[in-house]
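Read through the structure below, which is laid out as structure tokens, and then see the notes.
Letters A, B, C and D mark the chains in the order given here, with residues in each chain numbered from 1 onward.
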Amino acid sequence: MRLIEALVSALLVAGLYASSSYGLALIYGVMKIINLANAGTMMLGAFMTWVLWQWIGIDPVISVILVAPTCFVLGALIEILLVRRVSGQAPIVSLLLLFGVWLVMESAAYLIFGGETRGVVPAYSQATLDVGGVIVPVTRLVVFLASIVILVGLELFLRRSFLGRAIRALAQDREACALAGIDTRRVGTLAFGLGTALAGTAGALLTLVFSFDPDFGRVLQLKSFTIIVLGGLESIPGVAFASFLLALAENLTVTLSKPALENLVSFVVLVVVLVVMPGGLAALLRRRRLA
Amino acid sequence: MSARLAQLARSSWIHLAAVVIIGLVVAAVPIIDARSFNLQRVAFFVLWYAILAGAWNIIGGYAGQISFGHSAFLGMGAYTTGILWYTFHFDPLLTLPVAALIAALYSILVGAPTLRLRGPYFAIATIGVGEATRLIAVNVDDILGIKLTHGVTGLPLPSYDAETVYFATVVVFVIAMAVTIWIRAGRFGLGLFAINMDRDAAETAGVPTARLQVIALAVSAFLCGAAGSLYAARQQYLDPSTMFSFNISIAIVLMPVVGGIGTIWGPVFGAILYSAVQDQITSLVRNPFVPTLIYGVLLVVIVMFEPLGIGGLLSRLGVVGRKLVMPRGGDADV
Amino acid sequence: MSDEIILSGAGVSKRFGGLVAVNSVDFDIRRGEIFGLIGPNGAGKTTLFRLLSGVYRPTAGLIRLHGREVGGLPAHKMNALGVATTHQIVRPFADMTVRKNVLVGVEYGRSGLRGAAARAETDRVLELMQLEPHAETLGRSLTLARRKRLEVARAMATRPDVLLLDEVAAGLNPTEGARMIELIRKVRDSGVTIVMVEHVMKAIMSLSDRIMVMDLGRRIALGPPAQIADDPIVIKAYLGERAVAS
Amino acid sequence: MRKLSAIALVAAFVVAACGGGGTGGGAAGSGAPTSNAAANIPDTLKIGAVLPLSGADAKTGQYINDAYVLYTKQVNDKGGLTIAGKKVKLDLRIEDNKDDGATSSQLYEKLITQDNVDFLLGGYNTALVTPEIKVANRYKIPYVNGGGASVASYADNTWAFGTLANIQALSHTQLDFLATQQDAGKLPKPLKMAIVYENSSHGKEFSDGLKDGDASRFQIVMNEPFDLNGKDFTSLLNKVKDAKADAFMADAHLPDYITMQKQYGQLGLHHLYVTYGARGPDQSAKDQLGAATDYITSAVWFDQQQPGDLVKQWVDMWKANTKDAPEWYAASGWEAARILYAAIEKTGSVDKDKVRQTLASTTWDNSLFPGGSIKFDKTGQATNSYVMTQNLPGGKTILIWPKDQATGTAVVPIPTK
């Protein structure tokens, strides 16, 4: 298989993985909790897009304008009503809590939409482009470009805006922020809301490529864990880079050995990365800063 | 020696007695009415889930290391018995100790490196281990080129007397509960609770945290392996997507957490609730939203308001003595 | 206080990436003495402390306990060799009763006691530390002073030869402070060598037989309290340039 | 006080366990064949079935569910079955296994032990049917299914029967068709095939069947399994593109077929011949994929365009009574119910072993399936031949095999876009 084609397809898949991991990375970076409800939010985002497409005929990419704010509000509510109450306890408690939230989201989707697999078929769903001899599906290209836009937008937001800097500060050292007069609770809520909005946006975009049901996002979320641990828990570009690494690793596994082992690679990478970097990158950095 | 401490020793005997009574009552069912197939089916699955939940509780409840990959050990046990039975025609229940041992050894292989991780990181690592084990079981025949697990086609097993498996399950249930009670009352349990409370402080108080966690996981995996062996003997058909499924791993976490994490009877409450919901309630409504909603809401409520789980809720209503479901960190008496 | 050296360090240093927290420090601690360790914030006191208790592994240098090299052993092994420690930020087992907190020390320490004997020993330690009225309260609901005593009790329960106390008097009001000092003296009289990190000058000066002063990871002075009090280098490190000149 | 609560707990435990028992208890007849069946024929006969009514295969499960319900209703409307002269109503109970193998076998066990069903209608999807057949054999109850085609499911089985012929025969049918296209000069000889199959016994048998093709006519350039219910086949399809094969031979279930064919189109792949085993003309695939399903051929156990009045009447009746398209799984569900009930009537008793012998020994005529009749071999699986269909642009599907029943000429090779 020509190298360029492998690279291009890995890039496109990396775009999928990255967009579904930004939300997880932001929430972990700031709140130091693993948001298991990320998959649930992606699924809800996908269904919202399906409703908008099915009844009002809005294209998935445009539907993001409606899906993202709704998910932001949903995320803010989850943080205020639930996550904040257990923030004092061990991080595993918030993980179990968000796992419960994910199950509730899944049951809501089953109740409203039933169990069948659904899909969104915009006009360009079959269209392909010939980019320098490599045939590229338009839908994946759209998702790839969207993930670039999200990457740049998020970086600018975190670097330039006041709120963005507050969020990054919170990620570094929550106590110091509180002492410096930052309303850590409000920033926490906004960060969680933003993370959930990113997950909802990813869900909306992924409808272009995947069909989905209430159980959607489960395997994808496991890959996002690998990505946020591998790529960097506070750096958004790190997430994009790790997504590419994982996509390439999977691509090579399929090409060189058996396609059935594709997911095995991502799970083995997950365990190895965690064990080799105990406590993940953040703990490594934190331990160095502690002395 | 103050009366308080005497009571401490005596109280674990009460729980042990309760376990033996339950075992005898459940074992009497087929003796009283050999054709009560439904009662035996329900009782088997309640006991079977209780073994898994109780085993998980040792590492998840006592030591506080939440594992989302326990189906790996269940599957290891089931397939060890399946392969020994199918290929070498051993009696499945005789292979049970071997199956449990191999599951325990596997847990040491994957546990030693991952147990160093903390809280959420350990949880994610176990998800990775669980899924990786499932995919290995699916593809091992192709990788090694030998007929071991028969991959996705599943391992068909000869028939076996259901009643023998039933009694074996009662025995394994009593042993599993006895082990969890004995650990909790003893020095080993005290060390695990210390790890659960604060691993670094425990380490400086002389607790060999790494070694204790590996042993706790091995005991937990041993019991899960035994449960896997029982399942193989009863269902007489194994396939990797069922035996190593993420859904079972989730159930094994849900039962003790919702039932009452770290307590003796929490996993049993959780097992009763889970099999009641799975068996009776899901067939009332032809939509999976009901079981998922029940587990989701219960999990959120329990984690937020009553860490002692249903046991805690019941004790608030006075149904069950508060002493019976003591706090997470162990207690003055058991 | 005999002059037999129980715990010593030669060229001990600890680096975190580029940051040198402890920079090749030599020291020797004699059996039965109270050895104070003082210095401005960030001088590397806590890091040295954690090197001794086994929480950190030294980047270089040797730590000897009873003459045996022990640098880098994990905390529970150091405890097994007789080095117990308390923590700067108090860390009781929150959901466990005071009794069980101490029982952990007894059963996992060097007493080797089990079952009823272990429970008896727990009572003894509780009485020694005046904690038996609170035996059944959970660790999380103790006052700061009682938590600090609980930490010392748990450490003493492991029957150490050397007890490392990390700012055990900090945050206590005068009466509690005095009571803690009295307690430390009682522990030392029971034959335990004590190494103390402390900012409360009254405590460290009145208790210590010898004091080591650290600044920016280096040892800048070692000697009896009186000699340390008016050592110009120490004053400069603490109070800055002009203080020395005046 | 604690002693009291410990006892309370014991009682609660036992009650909960019995509570699950429901009407179970020692009801006679459950789980073991009764002796003098001829005399005590009950007024109503309980029939149990467990289908995937939610999850990935919910669409297909619904079709089979409707087939069972409709046929049972028609039987009851005519007063029920006549067993040894007595009119017996049918009480059909269908449970949802949510597409999970463990749940499915547990629910069948529940139907047998708690609801005391007398006979069983089968489930759908090989991964679920195999454990279900194990339960039927364990409890010695006749089980007739229209949704399990893999040979592996029927290994050492005596009590289960499947109306679907095995998958090797499906592959052989396709090879025979391809041979005629090669002889007509429409396809190269040898034909380079890229085989991609779902990682299940169903998929393995599809791939093994294609390996039986004679080497001078067929050359396998790629043969890879993929994980079921996958969401992304990009790397796999890129490998297919790299194999430069003439024919793309895939075997998948409905959800994977839809996802894979969508990505096949998106990645701009093209082959002279494309098949997804038994999937192709499915209405829900056409809805979701539109033109992407054009020219796909499939070998199925039944197609509405088969000649004969029986098929025509059934298709009209089906369209009149359900909102589902007359797909092959509707027909195979219908046949399963028809044959089970006919066997009970023919045996003239509810004795499970006698009904089993009738099912095994009889050739079931006036069947919807090709050849008009179904005969179960000694493993319990039907041995009918397949028909092949091809989707044409505009959503039409034509019958292309066997030649004498063709309703149009197959478009081979597939024109490049």
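Keep in mind that, in the parts below, a residue touches a chain if its C-beta (ideal position, glycine included) is under 8 Å from a C-beta of that chain, and two chains touch if they have at least 3 such contacts.
These figures come from a predicted structure and were not determined experimentally.
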| item | value |
| --- | --- |
| Comparison of A-D and A-B (more C-beta pairs in contact) | A-B |
| Nearest-to-centre chain - CA centroid comparison | B |
| Greatest separation from chain C - chain, by CA centre | D |
| Mean-CA-position distance for chain B and chain A (Å) | 32 |
| Distance from chain D to chain C - Cα centre to Cα centre, in angstrom | 73 |
| Centroid distance [mean C-alpha coordinates] between chain D and chain A, Å | 38 |
| Where chain A and chain C are represented by their mean Cα positions, the distance between them in whole Å | 46 |
| Numbers and ranges of chain C residues touching at least 2 other chains | none |
| Residue list for chain B, restricted to those that touch at least two other chains | 135, 138, 287-288 |
| Multi-chain contact sites of chain D, meaning residues that touch two or more partners | 53-55, 98, 199, 227 |
| Partner chain D, residues of chain B touching it in the complex | 11, 14-15, 17-18, 21-22, 25-26, 33, 35-43, 45-46, 135, 138, 151-154, 156, 159, 162, 235-237, 239, 241-242, 245, 247-248, 265, 268, 272, 275-276, 278-280, 282-283, 286-288, 319-321, 323-324 |
| Contact set on chain B toward chain C in their complex | 1-2, 4-5, 187, 190-191, 193-194, 197-198, 200-210, 327-332 |
| Interfacial residue positions of chain B with respect to chain A in the complex | 64, 66, 110, 113-114, 116-121, 123-125, 127-129, 131-132, 135-136, 138-139, 142, 246, 253, 257, 287-290, 292-293, 295-300, 303-304 |
| Chain D partner contacts - residues on chain A that touch it in the complex | 1, 5-6, 9, 12-13, 16, 110, 114-117, 119, 121, 125-126, 128, 135, 137-140, 209-211, 213, 215-216, 219-220, 250-251, 253-255, 258-260, 262-263 |
| Contact set on chain C toward chain B in their complex | 53-55, 74-76, 79-80, 84-85, 87, 91-97, 99-100, 103-105, 107-110, 114, 116, 118-120, 123, 136, 138-139, 154-155, 157-158 |
